[in-house]
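Each remark here refers to the structure printed beneath this line.
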Amino acid sequence: MNTPTIGHEEWAVELEARRDWRRDRWGWLQHQARQAPSAALVGLPLALALALALLFGNDYILRVAGTACIYGVLAMGLTLVVGQAGLLDLGYVAYFGVGAYAYALLASPQLGLHTPIWLALPAAIGAAMAAGLLLGVPGLRLNDDYLGIVTLGFGQVIVLLALKLDRLALPWAGATLDLTGGPNGILGIDPPRLLGWAPATQGHWLLVLAATLLAVLALASRVVDAPLGQAWRALREDPLAAAAMGLPVTRLRLLAVSSGAAIAGLAGALFAGWQGAIFPVNLDLSLLLTLYAAILIGGLGSLPGALVGAALLAALPEILRDPALGRALVYGGGALALILWRRWPGAALLAAGGCGIAIAASLATQADVTLAGNLALVALPIVLAALPLVRRPWQRLGLQAFTLVLATFAWETRLAAEPGLARPLLLGVALIAMLIVRPHGLFGRQRVTVV
Amino acid sequence: MGDSLSHLPQQLANGLTLGAVYALIALGYSLVYGVLRLLNFAHGEVYMVGAFIGYGVLSLLDPALAAGLPGWLGLTAMLLAAMLGCGLLGALIERLVYRPLRHTHRLAPLLGALGIAFVLQHGVLLLASARHRAIHAELILPAALGFELGSVRLSAARLLVIGIALLLLAALSLLVYRTRMGRALRAIGADPEAAAMLGVPVERVVSQTFVLGSALAGAAGVLVGLVFTKVWHLMGVAAGLKGFTAAVLGGIGSLPGALLGGLLLGIAESVSTGVISPTYSDLIVFGVLIVALLVRPSGLFGKRAQPKV
Amino acid sequence: MSLLMCDQLTMAFGGLQVLRGLSFAVEPGQIVALIGPNGAGKTTALNLISGLGRPTSGAIRLEGRSIAGLAPAAISQLGVARNFQSLRLFLNMSVLENMTAVGYRRARTNTLQAVLWTPAFRRDAALWRARAEELLGLFGSRLGPHRYDQPAYSLSYANRRRLEIARALMTRPKLLLLDEPAAGMNPHETDELAALIAALPRRFGLAILLIEHDMGLVERVADQVIVLDHGAAIAVGSFAEVTADHQVIAAYLGQSARAAPDEPPEEEAP
């Protein structure tokens, strides 16, 4: 871990320079992609998509768009904490949960409270911030890894509390209180009603969510440009130098964690109001992974990037639901990845072999191939690990081809058959691949790390 | 309260079993951290996979055991399969994820671990295609077996867990402190570049470390399956956190520390389950983690490192 | 009253005594150089003054106020700034941002005003930018406008040292601690830096405590030289005085060295 990477940064600079030398179309494309997407560049297509969804979308499309908005708000909050302030917060979803449950308790039949929105929403945000501070204060003294583990544990604790606080013993009253509904969650949550208007249709909801998204984007991008944002980045780059320059490290960290928590709490409250219900399953690891994948795709620290990532991650799993579309996505995406990675033979193989296997698989769906598929799934990582060990070109090509066949086989027999499991599996793989291949995101700039 | 206090000796005994398992998991953390300064947070999931491998072997052997195959052979097969499988898994994780991530972003390894955890959880679900699986431990060890000491009862399964855990710990410390590989391992932990320059095959030793730690986790998975007779795909999350807590408690990177931390944590959890409430035992463990990190981040046995300016 | 007073500073890391009773003072407007062989405790002394460590015993006073053991940020707010021998720039931020990032909580406007984009904030931001440009201008075209938006990691080694000095000046220090500012610079660049350092006290009304191995630079800028050996001051005085001191020569060249009073001690290999 602590290998000094002398010359590392020179390498990065050279890389930038070399890319700039490429005058062909590919170089131009890379150059364009490398520029972090400006708010306008990202905002216009997103706004267009939203407008199209509002005008022509059915309820399903509107729902997906709404999910994208919630993801977007959450991802922006997370990218402030992780990308700007450089704090590895793996308990972020807990703040979302605290906001959602706080709002649910204040505005549902669970406790018989129906607090008006102008009270319930700030209370939910406040509760999330309080949770952030609760964790932030002890976490301040910990560095990267330890902070990550402690926050991850905290996230688990919040899920546990949501699961177990359905029989809270009240010794003084001699009764038990059902606070969170346990695994059954809280149902019948009031929609936010302001000035007598409450969103009634999915279209209304999308408007509310998109407006929230815009407001958070505006606020967050101002903060990022403000001295506070600069100080956060300084903290991310070098906490010790930041402290020596007089930046109040503790306060900055607390501010970052609580800002992120406030945004997550807001998203949680809106989510609870939108769904009308909240369950502990809503707070599981997959949301955390989705958000991290989103901010990594967009480039750590970039707000527009977080929005792009959120939109992608809201839309892609939906495509996987449909086997035909999913197939196109997997093979198309795989081929594209191989092309981007300059593995032309692999890409060609995937295109040809994938189509062949897809046809074969659709012809022979009757046979029970579960066991063979499982074996292929287990063998896949082993073959992948063996790939770099093979040096001879033709052996290598053979093994690559075998890998692709194995992957397509595993996909067709097992993953396509169980999309509910395939989606999280692919999400995890995508996150790891993203970290390895483009840690700076699709649009982000190469960063240097001093180890 | 008085009633629960009378169960204290029994809870201590149960805690010892839990603690042995936590110690095995904690060792994996400590080994990898000691060599790479990396918190392999996917470790809990490796333990979960180990439990599932044990379950799979037991189901395969089910007819043979019923036909009279001795129980200890079945147990050996389970342990061997789990340790081999998890060792391989550990090597794969290191090769496919951690090695490429070693010199990238400083937050990358932990995020990668999160991705691994997620992939393993859902991969196991996909392969085993059921959420909870019961382990028929009585095929290996009759439930009645065991001995009693006053009011304390230790079942054979629990005794076996403690015994095997101690055996593995002893073997590991022999390996680390008495063999060539152990010396290479400690050398890399002290200074990877210097070790590499002096001809220690760093990559190979790192792989071996992952294999070792993961094999121990696999064994822990099998043992837990025998005691609690249930495996499920999310069992690694809490166990991973607890193993990590045990490692931190004892001083991460220290092998005797991992043992002591595991035992302490196991007993603390078991006693708090009895005295306070089973509902909140996980919360208590987490509280222990935070307090341990704040009060003595270097643990009971760890050395405090000076930050370099 | 002295600007900085160090009184009987001792520092031990485990069993290793790095400082043993170091005492010295820096007067306002003065440039004091701390020299000595490697491992004499120079950087440790600097770290203690800037708050990156608490002395085992002894006092550090800034304008009479004890600062030993205060947090680095608090000491910085009291008017002590430093650079780092190992270079600690905010590498992935632009040159200009490295300068203005120091402005949080030193600026007169707060984040709310920044978010609302009030006129007061805009005035303040323009002021900070102007100050950053002025300080970068100290180095002429080396950190000229064409570099403002470059990421700090793209700067050369020498330019990084310059940027660290400029960044330290952004905090309006009364006392500037410079840890080997000329390391990695060629003779010409070192000359240039010496002229700049010599001009700083008058221009910004500050005092400088300097660690440097380049004796030419020390000779040119230092009003007073303190020689450290094994964690204690073995000689204090002007450059000419300390270089004539037998103890100093012994410390640099070893006990058996012949006395060579007119020859300044050779520069240590960095």
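Each chain gets a letter, A, B and C, in the order it is written, and its residues are counted from 1.
FYI, contacts are C-beta pairs under 8 Å (C-beta built on N, C-alpha and C of every residue); 3 or more make two chains touch, one makes a residue touch a chain.
What you see is a predicted model; the values in this text were computed from it and never measured.
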item	value
Identity of the chain that, by mean CA position, is farthest from chain C	B
Chain centroid nearest the full-protein CA centroid	A
Most heavily contacting chain pair (counted by C-beta pairs in contact)	A-B
For chain A paired with chain C, centre-to-centre distance based on mean C-alpha positions, whole Å	43
Whole-Å separation of chain centres (CA-atom averages), chain A against chain B	29
Intercentroid distance (Cα basis), chain C paired with chain B, Å	49
Sites on chain A at which at least two other chains make contact	240, 447
Numbers and ranges of chain C residues touching at least 2 other chains	52, 84
Contacts with 2+ other chains: residues of chain B	309
Of all residues in chain B, those that touch chain A in their complex	36-39, 41, 88, 91-92, 95-97, 100-112, 114-119, 121-123, 125-127, 192-193, 237-238, 241, 244, 279-280, 282-283, 286, 289-290, 293-294, 297, 307, 309
Of all residues in chain A, those that touch chain C in their complex	9, 12-13, 219, 222-223, 225-228, 230-231, 233-234, 237-238, 240-249, 252, 447-448, 450
Touching residues on chain C, where the partner in the complex is chain A	50-52, 71-73, 76-77, 81-82, 84, 88-93, 97-98, 100-107, 111, 114-115, 117, 125, 153-154, 167-168, 170-171
Residue numbers on chain A that touch chain B, as the complex places them	1-5, 8, 82, 86, 88, 90, 138, 141-142, 144-146, 148-150, 152-154, 156-157, 160-161, 164, 240, 285-286, 288-289, 292, 296, 300, 374, 377-378, 381-382, 384-385, 414-415, 418, 421-422, 424-425, 427-429, 431-432, 435-436, 439, 447, 449, 451
